[in-house]
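Naming follows writing order (A, B, C and D), and every chain is counted from residue 1.
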Amino acid sequence: MKIKFYSTGGTIDKIYFDQKSTYQVGEARVEEILKEANVSFDYECDSILRKDSLDLTDADRQTLYETIRSDPHERIVITHGTDTMDKTAQKLQSIRNKVIVLTGAMQPAKFRSSDAEFNVGFAVAAVQSLPHGVYMAMNGQIFHPDKVRKNVEHNRFEAL
Amino acid sequence: MKIKFYSTGGTIDKIYFDQKSTYQVGEARVEEILKEANVSFDYECDSILRKDSLDLTDADRQTLYETIRSDPHERIVITHGTDTMDKTAQKLQSIRNKVIVLTGAMQPAKFRSSDAEFNVGFAVAAVQSLPHGVYMAMNGQIFHPDKVRKNVEHNRFEAL
Amino acid sequence: MKIKFYSTGGTIDKIYFDQKSTYQVGEARVEEILKEANVSFDYECDSILRKDSLDLTDADRQTLYETIRSDPHERIVITHGTDTMDKTAQKLQSIRNKVIVLTGAMQPAKFRSSDAEFNVGFAVAAVQSLPHGVYMAMNGQIFHPDKVRKNVEHNRFEAL
Amino acid sequence: MKIKFYSTGGTIDKIYFDQKSTYQVGEARVEEILKEANVSFDYECDSILRKDSLDLTDADRQTLYETIRSDPHERIVITHGTDTMDKTAQKLQSIRNKVIVLTGAMQPAKFRSSDAEFNVGFAVAAVQSLPHGVYMAMNGQIFHPDKVRKNVEHNRFEAL
């Protein structure tokens, strides 16, 4: 059972540029997380976007939609910023015959303490076991794209 | 859906005591990993053993078996040393009406780079979705207790 | 020989707020670094400012100057943002009878990989051994406030 | 001012081998620490021994002594296990015209939380500023090889 990973940016990939005294989206971290976990399933990683999810445009979502729809793999994990993860997930819902799981992180994977590794592990198990459909995997739960909101104050996702 | 976590020791909980220039099994790390991931499902953590899994005795496994069998929760994750994880899993296989997932780590959770967080995340998704039974969750895969071996050279589990 | 630590913010103390998808200056990290290193000399920590050093005003520098001048300790380490560390150091140069060492970090101390711990260790040794005066301790070197520049491209300080 | 680093093993270089469920001395970490700190002084690293310092023999110390004595650099930092650091330092005391600073760590550099980076930073500043002689740099203090003991209970060095 092969899994395809797409990264689109977001907090999980944020790095710190001292030159600008700011955070920016860096290279995708998901492959490093998979290596660190020494996973033994078959997989492939691609980076399609490198943006804070607040900056994703309708055109970006269209590109992502077309890429995923035409991808030959049945099981796909997408790392994505948390602010508009639900919007992207909704856009993908018309894709048939695939299990698509979106995940991300509230703290950059480069931090000593981050939810990135847990979330990727959780998403990998979810994409292997769930029926066809589009899901969001955050905070140790599976959410449906139409029935979730990000609780900014408590820094987590909640079912509606 | 509440999840009960039991820790039994193993590499995931290993710490380093400079006083003795040696490692020892420390306090259970699973609760800290769940907090770091800011999980929002209901859970409870107990520590039953604090041993290298090579040191687990038949009496230890009997204690663990009785504790799990009489535990009221349906979904249980056990963190365990990797060397005899399959032996403990086999011992638990006669327990009915529960989903039991054993996981652990090849590198201590205290390390900068460890598979512990990924594995716990993976186990949490697995325990939520799998049917009743006993499973081992390592290296991004689900293994059946009777059909797995630890490949010591490549430092990972493989299906038989 | 007691050492007094003042923190003023800067990259060393940066944290990431997912709520705003942005970094901010968080609580001072220097005390945690000293505890992690299990230092056995006598010390005291105070936080006077919590700002990116690009945002420090002349009034902020005046406050810092007066605080340091009236501080009873002979040996003082200041953690500071790197962009205007030289400007603050120049402002403090008229203070007599003290060893004052400014340090900071190019990567937040919260990162898995950061220069913060090395730099604080370096600054602590420097403040113990240098004669009275004001110094900057970065990239494993001691710089004089009038003879240093930050090489933004190479992300390090250089002597003029 | 060039600095020569020699690594001899010890806790600072300990890694965890799951294959043997044990810690072992791995490759020297000091060079990685210097890179992480982006130091700009000139340096060179060599590994002469890879042992727990309790396992160092008189012959090992003789080798180390001869290597250091014939090394052309004036300023030398040695990373060393903490249990017999004083014994090695005493052996080196007859070497003339050099500043030699021994340091190490109570927690492996591979840990998320370790004193290794602080100690190396401290040793680097010390070796740049101290007069000729042999010193131990631990817990934020400089110790003389004849006037120090490791307080095992409090996990730190103390002056006698």
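Methods note: contacts are C-beta pairs under 8 Å (C-beta built on N, C-alpha and C of every residue); 3 or more make two chains touch, one makes a residue touch a chain.
Values in this document were obtained by computation on a predicted structure and should not be read as measured data.
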Item checked: Self-contact between copies chain C and chain D, residue sets same or different by half -> same
Check: Among the chains, which is located farthest from chain C on the basis of C-alpha centroids?
Finding: B
Item checked: Distance from the mean Cα position of chain D to that of chain B, given in whole angstrom -> 37
Checklist line | Geometric centre distance via CA averages, chain B-chain A, whole Å | finding: 26
Item checked: Separation of mean Cα positions, chain D and chain A [Å, integer] -> 43
Note to self: If I count partner chains per residue in chain A, which residues reach a count of at least 2?
What the structure shows: 106, 112-113, 155
Item checked: chain B partner contacts - residues on chain A that touch it in the complex -> 33-34, 36-41, 106, 112-115, 117-126, 128-130, 137, 139-142, 155-158
Notebook entry, point to check: Residues of chain C touching chain A in their complex?
Noted result: 11, 14, 16, 18-19, 21-23, 52, 54, 81-83, 106-108, 110-113, 152-153, 155
